[in-house]
Every structure is written in C-alpha cells, then in structure tokens.
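The letters A, B and C name the chains in turn, as written, and every chain counts its residues from 1.
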C-alpha cells in the first residue's frame, strides 16, 4: 500500500516524468515505491502510454479507495485474522 | 422470417480518405484494450447511460465502434451521434478494471475521454460536427470567451467585460501568480471569482489577473475543435509569459484539467508553470490559520464531488476538509467512490447538444441529495452549478459553491450576481 | 451482413413502442448488441447482428412485440446486460433484439415481508446502493456484480460468490413476471402468491423459468429476497507448496459445517503462475507458493468472529500458510475485477498481447478436481502449441451448492484468446478446444456449465448428451411453450425440438 500524501491539486510538469524502472521479478519492474509494473520490453505488441506521475498515483489511490468501498458495500465491519503473512512476502 | 431485405451499401474506408484510417490506427490499442474485455464495468457508473439506458452511449460502444470502423463495417457518419452522448466525466475510464487494477502495472489505462474527444475532432475534420456545438465554438472564437450569457442584445459578453466581475476589488494585472477565471464564473456566476479573490486577499496571498483573458480553450477541445483550443492556449500562455507569471491558480475544475493535461500536451517541456487547484490552496490556508472561518453558517449540506476534481484528478479530500472546517454546518456526506457514478451533466458540451439528458442527470443528482434531507447542495465546479441549481429549485434545495460558503464563513460579503 | 428489417415491420414496432426512441434500426445500434464479453469471431461480427433493436419500458410492450414476432415468424432475442459469458444474448438468426435495460425501476420495497420488486434492467450493485439505508441487501454476487442485470441473472441461472451462504440467483428470486414465447404475460412463483418462498400447489415452474437462456420467455419483473445486511465479513487466504494439500484443505473447509461460510475457492498451480504476472499480491510470493485457498464468512459478529478462528485452524490444517491480512483483505474485495483484463494475455514468448477471456464453467464433484485439472491443462497446451494465439490463465474451483458447500464445485479454466487474430481456421480450432474441455467434464460426471449457459458453439452440441434421458422432456417443454421457435432460436440445440421423428424439420 502506498502511504503517499501526494497533492493532486498542485501540478508541476517537471515532476511528472516517472523514474527509471528497476527489476523486481521475472517480467516485473518498479519505478515508484510499492508500485509494480510490467517489464517494458514485454510490451512489443501493445503500446504503453505516457502516464504522468499524477495519473499513476491517482490510479493507485483510487484502487485502494475502491477496495475499501467494496468491503463497506457488503458488510458493516470487516474482520481479518489480525496476523502477519506466513509466506514471507511483504 | 422477415419480409424482403433492404440492400445495404457496404462502407469502403479506402474511399473515405486518410482521415479515418489514421484515426483507427492511432486508437487501435485503446479500442482492442476495451473490446477484448467488453465487460462493461463502465456502464452503471456512466451518467448518460443511467438516463438513456442505450448501450450505444456506453464507453464500451465508443471503443467497439473503432473496431467496427477498422473492419470497414461502419463509417464516422454512422457512429457520430453516439459520441455526442458524453460529459467526459471520467467515471468509466477510472472504474474500468483496465485502469483501476492494471492501468498502473501496464502503463496503459482506459482513456475514454481521449477517445471521445478524438472522435469529435474527426467529426469536425469531416464536417460532421453538431450544429449547436459549431455555433457555440464559433461564438467563442468571436468573443474570445464562451457565450455563457447568450448573445441577445446588450449582453455584457466579450473581452471588454471579462474583468467586470472584479469591480471594486483592486486586483492588479499581472504578477508571478495569476488567478485564471473561467467564462462561466467571469460572466455568469460572478460571486465565485469575487469570493475567491477576496479570500485570497484576506489570507494575504498575492495574485493578479491576466491582461487579456480568453477562454482556456478546454470546451473547444472537448467538443472537437482542436485548432481553436490550441490557438486559445497559445494566447493565454503568451499572456502569462508577458506578465512574468510562474503560478496559475485554477479556480475551476475544467481549467485545472486543461492546464494540467492539454496545455502540457500542446507545449511540452516549455510548459513550466505551476498550476494550483484553488481548493487545495484554500484548505492549506485554513490549516495554516491564514484564513479563519469564524462566522457560523446554519445549513444542512451535502457535497457534490465535481467529476473533474474527484474522478479525473483524485481531489476529494480537500473540499471535505474545508467543509468540516466551516462552523455551524451539518454536513451529510456521500463518499467520493459512490460519487464516481454521480454527475451534473454539465460537461463535455452535453447541455448544448442534449439539454434534456443533461437536465435529467442533474435531476437524478438532486434526487440523491434530497434523500439526505438537506437544504443545500454544495459543489466546487461552477459549470455544474447552473444545471444543478435548475434541478435544485424543483426540490427545494439551494445549490451553492464551496468558495461562496468559505467566503461567508470568513466574514466576506462577496457580492456578484448570477446571470446577466 | 445481416440486413435490416423491412420498413413496414419497423413501423409496426414503432407503433407498439409509442413515440419513444425505442426502435433502433441503424447499423451501430445493431452492431453494438451483437456480442457479449465471451470470445467472439470478430472477423464475422456482422453475421451476428439483430435486424432491429427495441427498448421497451413495460411488460405490455414486450408482450405486443413477442406476439407480433410470432405473427411474422421473426426471431426474438432477449438482452439484459449483455455481460454473459456464453453468447445467450448473441443473435444467431437476426431478428428483433429486446433490450430490457430501460425496465430498471425499483417498484416496491417490502421490509415487513422482506422482498423487493424490480424491473429486469436493474443492476444488483445499484439496487443494493438503494437498499442499504434499509439495512437489507439482495446478495446475488457474481464476478459481474457491478454490471450484470437482474433479468440476465434469471435468464442464465446465475451463480454467486456468496452462494454457500445466501444462495444463487434461483434461490434469491421469490417470483417473477414472464412474457412467454407466445406473448402472454404470466406470473411465475411458488404457488400463487408473489411473496411466498415455498408452495406445493400446481406444478413448480419457477426453476424452469430460471436458467433457460432466454429460450422460454422474457422476464419483465422480479420479486427478490431481502436479507439483513451482514454485520461482519471475514476473508482469509492460505498458500500451499502443493496443490493436493490445497485440494484437501478446500474440502476440509467446505465440510466445516460453518453456517456463515460464503464460499471456498481453490487456486491451482497455473493460476498462481498466472497471478505472478501482474498481481501485486502474488508477485512477491516465494517460489514454493504454488497453490492457494480462500475462504469467506458473512453474518453477525457473534457468529463470524468465532467462525473465523475455526477457518484459520482449518486453513492451516494441511500445511497452509496464511498470506496475511493485507492480501486477504485486498484480494477478496478485488473479486469482481481481476478476471477480464485483456493485458493478462501472454504469447509463449512472454510478450503481452490483449486477449479475450474465456471462462469455462463446468460443475464437477470434489473427487474429480485434480484429474480434470491435469486433463484440461494438457488440452489447452496442445492448442497453444498448435495455434499460438491461446493462453492458459489457470484454474479456480469454487464451492457450488447453494447453502451446501461440501458437494460440487464450479470449476473454471480461464483461457485467453488473441481475438484480433481470429480467422475461420483459428476460430474452428477454438471451438474444438472448447468442445474437448466440455467433453472432459461429461466424462467425469460433471456438467458442461454450472452457470453461464451452454449457448455457445463448442458447448451447445453436447447439451443433448449431458441431458441424457431428460432431453426428451426438455424438447417437449420447449415446443409446447414456443410452437413457432421464435424465442432465442438456435440456442442449446433446442431446434431439435422441432424435428419430427422421421427427421423432417421445421422452425
């Protein structure tokens, strides 16, 4: 999860270029912390878009908000086990 | 079975010239990105679909039509009317799992707004643009501002009157920070720019106005008049440079979109202005104690998330922070994710071509507000407020702009008028 | 290309619909209603168009349209959301498409007798947004929950991700109003009362009119069950280093006897491998994680909280490792959205191409799951090797029985198809692939469709085989209710109902 408090109401074009990707796993890279992306070399048949940083952050934030909403839509309270991962993944 | 069949003339894209082939080539990935799924998560959040229930007005159809054009089975003329039915609110492209779940992973999201705008531009190129949009944009070109007061005799339209709203406020022209005032605020609902200006003055934020303020060019882009949009953008940026501006305060969500999406696309790296959305600035001023809200306002309100702030930009917390800071208000909220499917119907030129659909969208929005038993619906987008207010008067709910409330709570008598 | 209908026909339809813009003949209106999300022969799109589209608002209009269709022997194809996965709403013979999306009102909410009555064109998520303030919900929750419509759920006999707890569509529809293939408007329920859940009067017709895939009529109104909004929801995901341990755990959880259990989901090895491509929950998982099981609970806190402890015990009882709160929370809430993204598609080279998602939906008993998985993957691999435009997205198995999670499973193999490369040859290959997969299900005592419907080529040919001795009864019912074979003709081999015993056909 990103705990970014990115301010969507302030725009500077110079801040929109995403950082260079670093490899994470087979076919997967990362530019922003906690945000995974496809290895661009796999996107030969289908183009990638110029996605400014604000848009990436909007998508990630919206996804978490949507998931919260979906839980709340079906039940008043969400229980989880209250335990950490036993698989060692983040 | 059926009686005698009609003969259908097959459409030949090659006979149509380059325009359609280029268009299809450019938007092919977008088209197949949707068409290969076709799961229509967009449909129930689309404000137009909620009214017409006609699948041709769905974002799915907007993309599928392009595949059909590629196959040479439909022409631009066949599909043109579908693309009129859109406010460009962005609900569809955000809700689409191709954006929401994998848009960041693949650096490829659903871009329905761009697709609709591109099709409308193609329609203009082919002389298929809609009559009312033609008139509206021609008048905009003549006036250099949108004809929001109509063009009857004596309407104070155009550049001579673009700063009339600021009478008595002593706002300088030029400076490092420019407040950009959109056409609806400058001419129609002048309480908003007056309230905004006086809030900034009270909080000690220096700013000035443009020498010549033309329309931002956004509506032209939304309706397909790309050249006009670009020309207006060039004029505005030239004006900003001429007065040494570094920061532009966008008081209106449509402008914030255009300055952060279209203008950078037009000007590339040379677009080096900082663009500020007014609500973020006001929230900061309140948080920092530079703007004190001490006069209580006795209203029961709910907030309308403007599409171009919430869905298109992810700005939904600042306005709520502001509302919670206004003393005396009872604030009954509807969360911003539920509001992905809400709209006023005011955007994308819809009220100009399909006023009955736009009005019904607003009517449904006020219906949701009425369920909460409020006396006021607060928006933060002046373009939404005209259709919402019209619907509000039918159900006894007043429609106000958030900035108007902030000004009142800050003890400011904004002044200004609505309409001509 | 399917041609448009004659002017006079269109005029008469216009007369039935009134001045509304309810009769659409232009090419895009017809083209946009030719397909559903299931893989589609794009290169032959225009063979599947209706000849005219009507958007009625009332049952009376639907009735008049259907009567008219009978008089002129024009096929009728009902279409709700058009979000089905088995071509139920795809016209095979042109005809009049009856698109019911405008019949989307909430007509009555009865909180005393716990029903809500709606038009068939309403979406369940939008309905539940309105029901929330009353503390109730209509818990029919398929993957298409945000976009499918009540009428289509009834037509397909839908399956719900919460089925073990709340039942599926057929358990949640109390009664309905149907326009028969001959045009009469009839009320179908349990006995004669609209809000009764159980009766033994007359013949029990309700299940007949659920899951008929639009071949026995058009639902024009439905009275639905209202359940109390769940106080509490719980989800837990467990990871395994071995599929068989996961399979064992699935059964253990399904037989747990926990009344709040909404479902158990088993992810096989290929599914994990697929999720590692682009799912942030699975990419970071260590290599030993090859299979997974998810279990969910809904109910009051007093029930769910203690039951959740039991789920944690059982989930770990065969070596399962808890994947953690964040993933359990996030993955369950993503349940509608993870499936259909075209960019899940990969060529054998690993490159990304947009693929259309085919979801097989067999119903199989627990004992058959491991073997079917081996056979299915082997089949898909053969076709990947031969045609190069298919992709194996792995398998899920979900508890299938309403309120009875311990018996059979909705078993899904997700196959990606690079749709834009389809031509007659690859389409034929695709149809063969589907048929081979379906045949495996039958060989293992299963059903070729738990919920989507057998209305697609590649499945439909096997319907008589699967129905076996019941097929004769099916044909008699179809012919009795639809003497002119106008209601969604050509689907599910039901044309056979019109073939006389000496082999001469009609319809």
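By definition in this document, contacts are C-beta pairs under 8 Å (C-beta built on N, C-alpha and C of every residue); 3 or more make two chains touch, one makes a residue touch a chain.
This structure is a prediction, so every number in the text was calculated from the model and none was measured.
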item: Identity of the chain that, by mean CA position, is farthest from chain C; value: B
item: Result of counting contacting C-beta pairs for A-C and B-C, higher pair; value: B-C
item: Where chain A and chain B are represented by their mean Cα positions, the distance between them in whole Å; value: 26
item: Euclidean distance of C-alpha centroids - chain B vs chain C, Å; value: 37
item: Cα-centroid distance, chain A relative to chain C, in whole angstrom; value: 31
item: Shared interface positions of chain B, touching two or more other chains; value: 29, 33, 95, 100-101, 105-106, 108, 338
item: For chain C, residues that touch 2 or more chains besides their own; value: 125, 129, 278, 280, 334, 336, 343, 352, 354
item: For chain A, residues contacting two or more additional chains; value: 36, 38, 43, 46, 66, 68
item: Chain C-facing residues of chain A, complex; value: 1, 24-28, 36, 38, 42-46, 66-68, 70-71, 73-90
item: List of chain C residues in touch with chain B within their complex; value: 1, 3-6, 8-9, 21, 24, 26-29, 31-33, 35-37, 42-43, 45-46, 51, 55, 72-75, 81-83, 93-95, 99, 101-102, 104, 121, 123, 125-126, 129, 133, 144, 146-147, 278, 280, 334, 336-344, 352, 354-357, 419-420
item: Contact footprint of chain A on chain B as seen in their complex; value: 29, 33, 94-95, 99-101, 103-109, 111, 256, 259-260, 264, 269, 271-272, 274-277, 279-281, 313-315, 318, 335-338
item: Complex interface listing, chain B residues touching chain C; value: 1-8, 10, 29, 32-33, 35-41, 43-44, 53-56, 58, 60-61, 64-65, 67-68, 71, 73-74, 78-79, 82, 95, 97-98, 100-102, 105-106, 108, 338, 341, 371
item: In the complex with chain A, residue positions of chain C that touch it; value: 125, 128-129, 132, 137, 139, 141, 229-236, 239, 276-278, 280, 283-286, 289, 298, 301, 304-305, 308, 312, 321-330, 333-334, 336, 343, 346-347, 350-354
